[in-house]
Each structure stands twice: as structure tokens, then as C-alpha cells.
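Paired with chain B in one complex and with chain C in the other, chain A is shared by the two complexes that follow.
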Partner chain A sequence: MTQTSPVLSVRDLSIDLRTGSGKRRVLSDISFDLAPREIVGLIGASGSGKTILSKALVNWIEPPLEIAAGRVEYKSNNILTVASGPMRKLRREIAYVGGDPMGALDPTLPVGYQIVEKLQAVAPEIGTAEARKRVVDLLDAVRIPSAKNRFHEYPSQFSGGMMQRALIVDALVSNPAFLVADNITQPLDVTVAAQVLRLLRELTERFDTAVFFVSSSLPVVSDVASRILVLEEGRIVEQQETTALVQHPKHPYTSELMAQIPKLWAEGAANVPASTGKEVVISVRDVSRSYSVRKRGTFASHNTVRAVRNVTFDVFAGENFGVVGESGCGKSSMMRLLSRLELPDSGQVLCNGDDISRLSGKDLLKFRRNFQLVLQDPFSSLPPRTAIGAILEEPLRTHGVPDRKELRQRALTVMDEVGLPSSLYEELPIGLSAGQRQRINVARAMVLQPKVLIMDETLSSLDQTEQFKLLKLFEKLQAQYGLTYVFISHDLAMVRRVCNRVAVMYLGEIVEIAHNQRLFFDPGHPYTRTLMSAVPTLEERRYHQADYLLEGEPPSPIDLPVGCSFAGRCPNVMDRCLTQSPVLTDRGSKDMAACFLLDEPINRDMRVVA
Partner chain B sequence: MFVLSFLVRRLLQGALIVFIVSLLIFTLLRVVPGDPVRLMAGGMAPEALIEQIAKDMGLRDPIIVQFGRYMSGVVQGDLGQSFVRPANGASTGGANFNDSTRGERAKVLDLILETLPMTLQLAGLAIVIALAFSFLVGIPGGLAPGRWPDRLAFYISSIFVSLPNFWLGIILALLLSVKLGWLPAIGYQGFAYTILPAIVLAVELSPVLIRTLTASMAGIMMEPFVAVGKVRGLSRRRIVFGHALRNASVPLLNLLGIQFSGLLGGVLIVEFIFDYPGLGLLTINAVLQRDFPLIQGIAIVTSAIFVFINIAVDLVATMIDPRLEY
Partner chain C sequence: MSVLEAIPAKSVEPESIRGASISRRIWRLAMSSNEFRFGLAICLILLIAAIFYPEWSGIDPTKMNVKDRLIPPLFLQQGWTWAHPLGTDQIGRDMLVRSLVGLRYSFLIGVSTVALMLCVGCSLGMIAGYFGGKIDTVIMRITDAQLSIPMIILAIAVLGVSRPTIPAIILVLGLSSWPTYARVTRSVVMTERKREYVRAAQVMGASNFRIMVRLLAPLILPPIIFVSVLDVARMMIFESILGFIGLGVQPPTPTFGNIIADGRKYLLNAWWIATMPGVFLCVTLTSINLMGAVLERARNRIHGGAS
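Moving on, here comes the complex of A and B:
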């Protein structure tokens, strides 16, 4: 194969979806080439046909989908017509990694064993010993710690990021000619996703693999791809080199996609006033919570998971308070403590001066009325067989509104407020979109006219357009009712847009708490800078991955390291950090961070310039 | 280490369960009407003599005292002696209250150990037949949900579940044994005598096994790792037998553990019909004769077996799926 001939070429590919009433075209006239060693990106909104196209490239089109026309050529063969036997041999050269790392392997067999199984399935001439060695070497290369032991561990013992690394090994182990990466960073935390992308770039260079990289996030794609295709409703509407596309999008759809990307540092990124009210609504005082988990393979010993450690902060009336952090940092435990779903082991949560753990009976009911919760998953958080009107009336009944007419009236009012048509009153939530469902959730919380809404990843499952609409709604409701919001989120861009003040959590602790502007332009903690370096963005980064994004994942909250919990991943780690744990230090105007560097201002300034 | 702690924990729990079962059986047997001494001594025996025998045997002590005495024997491996069965294996019970053979009554443990292997052989064969048949019918059913193999599996299990075992036993004996002469049916003089009752038990077992296997197989085939496995280059055979079946066998195993108690119930009837000299037949006779020590012994042994099998099933399940916590 010469350098100039493409490794994969798609010509006039069209795919239909067969439905009960006929056929619907989901992909039309797709044509493009993938050159050897090239990384081509594909972006598009959800439902644009991205996943169908990436499946077509690996000959994975199954009913009700069918190929209507066109070819996918690999080595001058149309792989769409290759029978399943010969296709299996081709799988050695055609690799695929999907967006569901935890479901991709058999949960009952060790990870390494399954990668060896795959390698031998596509390359039977490789002996078991050699295959094992190759897999362990590669697991090492993707920086899975103690790869030899990890080889024998099960999928459930891997974190999402580890698993995605293992699957990249699985894909590259047979040295494929090209790799289709379908939304591989979607379920991962930002720092882990950034690590995985960095790894993918490195490995594909090392193995001379061409990559077809699919994602719904333009910043992510532009990070890895040299050329980008834009897919809108099954058609490629634009195709350009990455830099050209980002600077001069030609098609209006591309411009629209780019306009939806939230800004971090640009003018107008924050949509909130810096100053907030003075009255404290919630005061969290030195709160800790740990959970006891039985240790496997022992008689009665338990592990203590320290989910929340000595957290202190105040939320003021009328403000938007953000809690950010990656999975496992204790955000959700914090939410459970704030909403009194659980009580802290030590410390207090004060609401208007009262310790909420002491509330009971009527006082507790009153507290619950003022503190409402909106959850993450729009699907499992609504009862599937209850009409929407009844869902909204139930909290009112609980809080003692008996009159049927009034119930109906208030439910309809709140539906109108959140933008749900009143015709949905008698309907079941089945068939509603995620955005509509999330509106029901907001309405269910709003119907009690609360003072504080706690949003636990409420917007995470929605696409940018829907997020934008709901944020507008939150703004409107806040102006109307003087609400206070607590946003618990992993999404820095969302927090940047709406929160007045932000707390950053790492391993159960608040490592920094600052006003919006200060946090993004002058963060006091290295972890905050790491987060900023990893956020997907098209903007010029203030913090670069080369300086701030180290390898490794957060340590387990079971075996907490001595000293600063971030020391193992910190670019500025000092001897002192390994023995002592820093406490939140005041940096002026109520901004605080927990880092020893704050004692040595010269050192810090140097880093900020970098 | 995991296996060891698992076994110790579960065996302790199991011992507690067996103890409670023994206490229940022991108490209930003594509360129900019917005096075993009257049965043993015969209807003609004088009242004073019956009282005497009952006293000698400790049957007039408080139940809790009797139970303590009994359990202290059990932990030493002594399940007591049968009330009515002589050691020489001759007649059971009788009118002659002064029969000299009564002094030499059979040990319960010996009676059980004689018959238990027969029943285990029968139950084992029944499970093997049931599993083989269920896999044959259930796997294709699970691989083609909604199509004919699935419907076939459904019809077969529907028919099997509605066949009463006593009726099936008699019909099969008539057909295979009397008319065709392929298999022996009544009594026991060799392994061939186990086959027919085992088939009857297998027919009783398999409907639930087939349904579970079909459903869990169909469920596993919908899992993402099955679809991705194909794209990763695994052959269909490898996916079905190496991965799907492995995952689908966990619910099947758990079911088997529970089905085992049903099997012990089925054994009672089937052994009685085929006059198969196993634990079931022994149980029926013991109940008819109000042979308290024997009934107790059988209850303790079967509950111990039941507990042990469920521990084994859970252990195997955790070996297959390391995520399970028992």
C-alpha cells in the first residue's frame, strides 16, 4: 500500500432504518477517505447518525438498519458485503472502541484473559504465552498501574477510565490498520478523558493506525483530529482541516454547533453578577460522613469509605452555588447531607440557624418544603405509570393541600411556568424527551414553592441546546421567586456560566472555594488548574495539559494517603505535602484554597504565569 | 482466603439452620396426637407396661429435656434408634409386645446411610437428565427469542409442568417396562432400575430450568458485550458457549439449589410408586409408623444436605461471577 492511497474509503453510503410503517433514511450519500495514520473526526448532535456511521465502518449494521446504497472500501474490498467468516479475519485489521467501556467485556472473566482471547480469535497463529506477554506490555504502555496483576482482575474492579484504556489495548493489540473510536470519552471525567485522548494520540502514532474519531463535542474532536467531518441529520454538511474549520466554519450548522459551546475564559462566559446576598441560607460546618463496606474475603472486617471530610461552607440567599469535582469526590454524598437524606457523622448542617439533623415532625416537613431536590437521571426519577398531573400533585398532598381543584390549579400553573403544555396533564411520562422529563422534575420541585433547589447533575444528561433552554428557565424562576440554587456538577463550563461561587471537591474535601471569576482566572489550588487544563474547549487555554495534567487517577477513598490527598497527581508537590495535610487558607474576599503553595506566594505566581 | 472465610461463615449459618429445623421437627412430632409407644407395644399391651416403656425411653420428660438429650447424641453422630425397626431388618412393629427382637432395634443412622446413596443416585441422575434436556431445548430457545425454538421450549415446558408425576410414573412403567420391556421398573437390582424414576423426576424438574435458561440466555444475548464481542472478532460459538452460557448459568445454578428441595419432595412419591428402596420410601414408612427418631434423623440429614448444596451452589456462582457477594 502506498502512502497516498487511502486505507479506507467510503463512497455514497446510505443507510435506512426499517420501521413498522416503512423505511426512513438515516444516513445519505456519505463519502470520505481515511488516509493511513490520519485521524479524522466526526461531530454532530445526538441523533445525527454518528454511531450508525461508525458502526457501518466496521460492518456492524444489523436490522432494523439496512444498507441502502454505497460502499465501504478497505483494501479494494467492499467490507459491507464480506461474509461473517472472512470478516472475522478482517477484524484483526479493523478495530472498534465504543462509548460504553463498562459493558464491553464479559463481567465474569478477567480483563487480560478476554484481550488474549480476542487476539487469538483474530490471529490464531499467536501462541498463548506470546499473546499474554503482548497484552501485558500494552497494558503497561497505556499506563495501567501494575499491569501484570491487573491482567487477572475483572471488569468490575476497573474504573471507567482504566477500562477504556484496556479497551484501547484490546483494539490495538492486533495492530489494526484503522480504528473507529465512537464517543470514547463520553462517560469519563474530564481529567481522565484528557488522559485517554493523549494516550490515543500517542499509541496510534506508535502503531501507525488511522483513526476515525466520533464525538458530540467539537472541542474534543478538534483536540485529536487533523480533519473534521460535520454530520447533520445523516448528511455530511462540511468537511475541513481542523484549524480551518474552527476558525472559518462554512456551513451554518457548524457555526451553530460552535455557538453552543460554552465559553470558559472569553468575554461574557459568566452570566452572573459577582456579588450575592448577605443572608446565609445553608451553613455547612465541619461536616464528615463515612460509609462502612464489608471487606470481601474476610470474616467481619469492614472498610471505611470516607466520602465527605471536614467540609465547611456557607450558601447565601439568592446565589448560585456550585460544587464541582470528578466521580467519587463526594459530591453526591454532599447532596444527600444537604437535603437531609442522610445525617453527618460529625459536624452540622445549619438551615436558618437550626441544625437540620435535629428537625422532626412538622419542622422537618417545613424544611423539606423549602429544600427541594432535582436529580440527574430524567428516566428513573419519574414513576413510569403515573400521569404527569398526579406526579406534580403528590408533593402538594404530602404537604397538606387537600382541595382537588386547588391541586389541579397549582399543578397546571407550575407546568406553565416550566414550559410544559397543559395537554400533558393527563399523559404518562413515557415517550417524553430527556429535556421534557427534566422539566417535570423541576416542576415537581417548584410546585412547593421552595427557597432552595439542589440540582444534582440535573443538566448532565441533556445536550447543549436543551441545557441552554433549562438554564434560561432557572434564571427566570430565580428572578421570579428569589430562589437559591446549589448546582452539583462535574461540568466546569456550566458552572462557569451560572454560578456565583464555586467549591471544588477532591476526595471528599473542599480544596478550593472561590468566586466565579477568581476561580477561573486565578485558581488557588493545583487541582483546580488540572481541571481547567483538561476541560474540552476551543479557546486558548490558560492552563496547559503539559504542565498540569499528570498521569494517575484519584486514590481510593478507602486508603487515603497521608498528607495532602492530591499530592500523588500534583505538579507542584513538595516534601511537606506528603506528611502534612493543608487546610483551607483565606486568599481574601472569602476565597479560600487548601494548598501549602499559598504560604509561598512567589512559587505560586511563577506557576500561574506558566 | 475468600473461599475459606466464605465456607466458615456459611457453614456456621448452615449449622444454625439445621439446628432450628431439628428443634421444629422435634417439637412438632411430639405435639401431634398418636402415641408411638402404643404402636410399638401393640394394641393389646397393658397401660402400665406402656407407661413403663415410655418412661424408660424418656418419652415422658419435658420436650426441651428430650431435645437436649437427642441433640447431644446427634453431635456425636448418634441419631438414636428406630422405635419400630429391628436391627435384623425383619418385620416392622407388631402385636407381640414382648417380642425379644425389640431389644435390638435398628440404628437410625444405619437406616439412613443404607438408603441415602440410592436416593442420591436417583436425584443425581434426574438432575443430569434434566440439565441435558434443558440445555438442548433452552439454549436454542434463548438464542432465537420469539421464533420457533423459543416457542418449542415454551410448549415443552408447559406440557411437562402439567404432567402429574404419579400419573407419568405409572404410564412410563406401563409403556417402557411392561409393554416394551426396555427398562425395569419395580424395586432395585441394578443401575437400570434408577433410570425410569429418574426420567419421571427429570420431567418434573425441567420446565422451570428450561424457562429460566431461555429467559436468561435471551437476556444475556442482549448485553452490550455480546454485540461488541462480534465486532472484536470473536466467533459466534465462542460468544455463545464461552460467554453467554457462562453468564446465563448463574441464575440457573441458584434455581437448581432451590429446586433441590422440590426434588426431595418428588422423590417421596416416585420412590413409592417404583418401590425404589431410597430415602423417600423410608420416610413414608417412618411417617406411617410414627417412628419419631427415624423421621427426625431423616429431617436433619435432608436439611443438612439442602443447606450444604445451597452453600456449594453459591460458592460455584461466586466462582463464575466474581461480582456476587454472599
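Moving on, here comes the complex of A and C:
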């Protein structure tokens, strides 16, 4: 560390939560320093008090929370005792960025105006013209394309990544001395998150800002922070330089956290055998689906969003098939097509040889029984006012099990299988943790004893520890019932751990399908390499961000570019990619990728897209 | 996970499950409040009285007795008698029996009208909101058309042409007021049907009908039903209005409406004739509202996570 005096020093900070029956300590004896330009990371499982600590640093503790003891010193003032008037002046030097960019901006005002307003609130002496200029410059600095125009756009016109950048601008605009970043990468895709982290590192240099970076993922933190604090149950159990911590964790809790981090390339990262199934369960044949969306600002004209484009793949019985890609790449549309919530515009989805769009009546019910879906959001996917037992019995009733005793018995059995105590039978899902709720979701799918389970981002809202437990559960259920899983996810590390074969989607197309091992060690498509370079990991990367992670976001699926859709972000882009679109090319043993780099010598059979 | 391992698979003891279902717990919580018991007691007394007292007392509500006319209620003015606890009207009919018989009819009309309104309004609103698109447009335009016809004019037109029997009155009142329910239901269903759990139910294989009836209806109807209790009173009053213009239940059958209509001429010297039905109406509705409010609160508490 540096010899300069710290920007911020926290001493013996303790915070209580006042509950109906007394007080509970949520943070105890927190002490650390934050030096200028330093990035200090904080990790911990959910519920360990990370957010409370980060709010305490900016004097934002509200009842029922209260400060029990300790000081947060900034410029030799204890900011916890500063009155609200002087505190407002201090706000220009202390900034906070939260994890929910959508919730932090007013949807009815253009983004730029909101930032200017904030700047003028903390620094009234700055004129409007000057403030605007400063905001536009900063928007430029965080690489928001055409910042001048974006200044006047509304939050709904920003993508998640751009919004998070705008919030960083919002925090940086008053040249703060330190910035508290609470879980800022949580809602973002890996590639966008990696871009934001890279940006954060540059900004500490450029603007002399110290950053307190909070996250639940150790790899993310170790990517940016020079020093890491580990928080367990409101106590800091370990505090070390990043490299030292990663190599020699001292506290058992840190080791435990590190053991749960999925590995990508290390020995034993994937505990799945190569897929052995011969029997095709689902066969997707050249499926396309587009949606028509009303054009902004008009009444009658529509844009066509091509969400899924000419997708073809097979899933074999008993295997784990993964579909990965950034948000907006068509994964969820694919899920809706697979589960027959929607029908494809063209192409077929075959299940055991039958086209599922033709099914109706009894056959459809039979298909539903064998094909179950576990949804993403553990909160909105359960009816809020139905008891858990009734939730689990409902699918059985739908499928004609009338006997109450049998219903109850089967619901209790499946609850037991997924690890829900049977005392929850008459309880409402309210008050359960995300992990427990996701178990109910799995149980609801399992109660029909399906053959195929489609997991639509089922684990992405859970923290590492819960993910780990649920993956164990999935393995157990698979061994017991011979299930086939289709994992739809943006989390490569999870896919690496459990999937036999993986399809990579980009802008509605499948750009690569490969076996697990091949995909991670010999990817055929530059986009796969980009994804891998962005995954937060503690391992030595095979693909470096400097080579593969280019700035920019996927083009809008409304006006698809001519040629290869990845050309705009591809490090290996050639002239040909801008005019022609590559098709999936066989790379042997059912592995395929769609890139011209592959078919140079052998295959000249490609489509020309006008 | 440790909880799970503690409970072996086959020996699922019934004791480990909370004995009462959600709805039972709501009732139990409601029953534990004094307001609910009070409301229930009054409601039961009125109900028993309305069912049994007229027959048991043997007094004919339509029998005139000019000798005993305009007797005041107990203790309130000179000339009261135990034979007529609530007094008599201008032609000597017993007010207590008349009010109780009136309560029967008014209540019948009020409740069945509201039930009809709820049925028509909620099911149309549910269908419109759930399917959307053209179906929604058609149903909502019908709703708008219905809203634009003033209820009284519709009632006069229909009841003036046909005979004003009780079923006809229920039908007219019920069919004229459903659009509000249709609108409210539609807007709630429109937001709910986009939720993930509806999608989950579809994947389970549930038909649209099943989703509407078993999943959405239990979720959105309770608050609407709670509000509709207030409409029972409104409908009783509308029946009175119809009675007032001679299109309600025909005399000599007593309803609150025609008792009040008759009594208004004697307000100065026999105020109780018009007042008694009003008192009954007030007490009935208060007791229902008390129970409704407590039930609603209990429901919210249980659904909010209280055990």
C-alpha cells in the first residue's frame, strides 16, 4: 500500500438491526482503510451484510438499522455524525453506484438531464452549460457511443450496460474522492460486465478516485481490486492483497468460498462424461421466429425483430445440453419455442419424431407431462397466494389425478426429493429465500415425472453457494430419473460444469455447437472466445480480454447487418464477413461452428445474403 | 439441506405439517377478533329473526288493523305497546314483521343482484383481459355501450314494459351495473397474465379455462368481492328507488323501498315508519362490512407472511 494517508478509514463499525423483539447485530467491528486510487473489494455470501456496509460508508443508514458503534472517517470527520445539511456538500466527494440501474434513474426524464441535475444539486456554482459539457465529456469517457445524442435519450432507450455506465457517470460527475460500487456487475452480461470492470480500473487512474467494490463473486472482485475484504455474517474474517488471498487464503471461510467457484479450464472442471445418448429427444429443424414491434413514435408502422434465425440442433436422451449467449441473443425465445409456449414461424421442433406444433388435446397433454420448464425468476414464477402444497398439486390435477390423498402424497414426496421440509406444505412461498423458491419451481416441474427439464436461467439469480447446492440436486435427480436437461444460461462456468454439449447463440443464430471439452479448449468461433475472455475466473485465462473483448454491444436485431452478424465486434474480421454470412460448418464428431476462418480450405458452400 | 436430511423420505409424519390450510388460518385469525364476532353475532341474529320471527309470531305483515294505527315503538312516545315492539304504520301493520319481511326481499334482491353483476362483470373482464386483442376490443366496446345507458332509464324501459317481478328487478339491476367490475377485472388480469407463474401453468399443460378459474380467479376476486359488499347496499337503495317510482316490488309485499316510500308521508307525526327499515339496512350492512373488513385484514396478514 501507499504511504499517503487513506481517503477513508473505518474503525470498529458496528450496526444493529432493530426488530420487534430487540436488536440484532448485523455488522460488527469492521475496520479498514481505503487509500487514494485504490480499489478495495468486498466479498461475502448474500445476507452477510455487504450492502449495509456499503451504505454505511456513504452515511445512508436508515431505521430499522442503526449505528451501534464506530467511526467512518473521511478527511478526519466522522461522516456518520455529520448533519444532513453539511452532508449534502460532502456528497459531491462521496459517490455510490447501486446494482439496479433501471431502478436508479427516473424513466420520465432524459438521462443527461438527470445527471446534470444531480451535479447541480451537489455543486450549485456550476452553470448549466458547463455542467452539460462536463456530463457529455464523461459519457464519452465511459464510451457511450455518440454521447451528445445519448444525452437526450430516456433510460428506456439505454441497454443495461449503457445504463450502468451512465450511473457511473452520475457518480463520477462531481469528481468524488471515493466511490462505493455495490454489486454493479450483477445484472449485466459477462461481456458487458467485463467492459464495465475495465472501465472502472481506467477511471481510478484518470480521475483519482478510490473505489470500494462490493460483489458476491470472488473472481469479479479479484479482477479489479488490489485488496480484498471477506465478510462473513457481518464480520471481516480476512483482509489481504488480492494475489495473496487467491493463492493462500487464511480463513477457512475464504477457502470455502473459493472451493465453490466453478472452474473453466482446470483439471476436473467438468464432471460430465462425453454424451453417450443415441436417441434424439428434441430435434430443432431450421426454426425461425420473429416478433413485430411497434416503431417508436409512430402509430402504425412495425419493425420485425428476428429473435431466432434458422436454428437447428438435436438433444439426445440423458444428456445435458447448454444454450449460452448474451442477453437479447434469443435464448429465451428459443426456450418458448422448445416448451411450445409459442410456435415457430418456420421450421419444426420435433419431439420423439412428432412435430410439437401439431399436437393438441391428449397428445399435447402427454407432451407437456414429459417436457417441463423451470423458470428464471424465483419470485414471479410462483403464484403469490397459494400454499406450496397446492402449487405442487396443481400440475397433477391438470393431468387428471383426482385423489386427494394421492395428490398430497406425491407433493410431499417431491418436496422431500428437492430438499424442502414437509412442514412447508401448508405455507405460502412468501418469506422463502430465492434458493428455496427455486426448489419449489424444480419440484413443480418434477412432480409430473418428466423426461426433459428445460432450465431457463434457473440458477442465475442465486449466489454461488445456492447454485452449488442446486446443481448437486440436479445431478441427483438425473441419476435417479434419467432426466435430460436443457440449460439456457449466460453463465459459462455453470455450463462448463454440467453440460455435455453446448450451443452458443448470437443474435438469434447458433454460431457454434460443440462438446464441452472442445468448446472450452478449441472453440471454433471468435464469439465463443470473446465470451470466454469475459468470464470472471481466478484461473489463468486461455483467451485474453485484450485480444478478444472488443468494445461495443450486439447490433439491434431489428436492423441486422449484412454479412456475419458478429463482424462488428470480431477481432478476426475479414472483408468477406461484411458481405457474406457464414453457415454452420462441420468440425467433426458433431461439433459445428459458423465462421469463415474454419472453412477456408475445405468448404466453399455458403449462402450469399444480399 | 440439513433440514432435508433430518426428514427421511418415507416417514413423512402428518405432525410435521401445519394442520390448517391457508383459508382455515384466515378464518381462525378473523374469528379471534372481537369486531368479527360482533358483526357475525348481529348478522346471525338478523338472519334468524328474518327467517323465523314472521312465521313464529303469527303476525301477517299485510294485515290491516286501523284501530292500532300509528303506534310508536317501545318507550319512545306515549302509547307504545309490547304487542308491536317497533310500532305500527298508518294502517296498523306491525313494523317489526314488515321490516323483517322487507329485509328478506331487499336482501335477496341486493345479494343476488351483486352476485349477478360479479358473475357477468368478472367473467367478461377476465376473458377480455386474458385473451386481449379482438376479443378484448369487442367486450370492452359492449361495456362502454352499457355504461352509456343510464341505469334508471334502462330499468324504467324494461320494467315498464314487462311486469316488475322480483327476478325481473334482479336481472335489470344486475345487468345494468356490471361494467365497472368488468373493467377492474380486466385491468388486473391484464397485468397478472403476463406473470411467469401463468406461463409456468401453461407449460404444466393447464388450459386457458383452468388458468382463469383456478389460478387467476382466486387471486384477483377477493378484493373485488370485498368492494362489492358495499354494492349490496347500493342495490338495496336502487330497489327502493324503483319501488318509489312504482316499478319495484309491488305492494302489498313489503320491501325496504316501499316501506320508506309509504312512510315518508307520515314523517312528521310517525317518523318511525320510514326510519325502521333504514335502521335495519344500516345494522345489516354494518355487520357485513365489519366481517368483510376483518376478513380482508386477516387475509392480508396471512398472505403477508404472518403465521
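Annotations
Note that the second predicted complex is superposed on the first by the 595 of 610 C-alpha atoms of A that agree within 3 Å, B and C clash if a C-alpha of one lies under 4 Å from a C-alpha of the other, contacts with A are read in each partner's own complex, and residues count from 1 in each chain.
The working rule: a contact is a pair of C-beta atoms (placed from the backbone, for glycine too) under 8 Å apart; a residue touches a chain by one contact, two chains touch by 3 or more.
All values derive from a computational prediction rather than experimental measurement.
When the two complexes are overlaid on chain A, chain B and chain C sit side by side with no clash.
In the superposed pair of complexes, A:D416 makes contact with chain C only, with no contact to chain B.
Of the two partner chains placed by superposition, A:I282 touches none, neither chain B nor chain C. Of the two partners chain B and chain C, it is C that touches the larger number of chain A residues. With both structures placed on the common chain, the touch criterion links A:Y96 to chain B but leaves chain C unconnected. Once the two complexes are laid over each other on the shared chain, residue contacts for A:L364 go to chain C alone; chain B is not touched.
In the superposed model, A:S156 makes contact with chain B only, not with chain C. In the overlay built on the shared chain, the residue A:D170 is in contact with chain B alone; chain C does not reach it.
By the touch criterion defined above, A:V58 lies against chain B but remains apart from chain C after alignment on the C-alpha atoms of chain A.
In the superposition on chain A, contact of A:S381 is made with chain C only, not with chain B. Superposing the two structures on chain A brings chain B to within 8 Å of chain C, judged by their nearest Cα atoms.
Shared contact residues on chain A (touching chain B in one structure, chain C in the other): none found. Remark: chain A residues 58, 60, 84, 88, 91-92, 96, 98, 100, 103-109, 117-118, 121-122, 154, 156, 170, 174, 294, 296-299 touch chain B in the complex.
Residue ranges of chain B in contact with chain A, taken from their complex: 1-2, 5-6, 8-9, 223-225, 227-236, 238, 242-243, 246-247, 250, 320-323, 325.
Those residues of chain C that touch chain A in the complex are listed here as 1, 3-4, 7, 9, 12-13, 16-22, 195-197, 199-206, 210, 214-215, 218-219, 302-305. The touching residues of chain A, when paired with chain C in their complex, are 339, 341, 364-365, 368-369, 371-373, 375-377, 380-387, 394-395, 397-399, 412-413, 416-417, 419-423, 425-428, 430-431, 441, 444, 448, 469.
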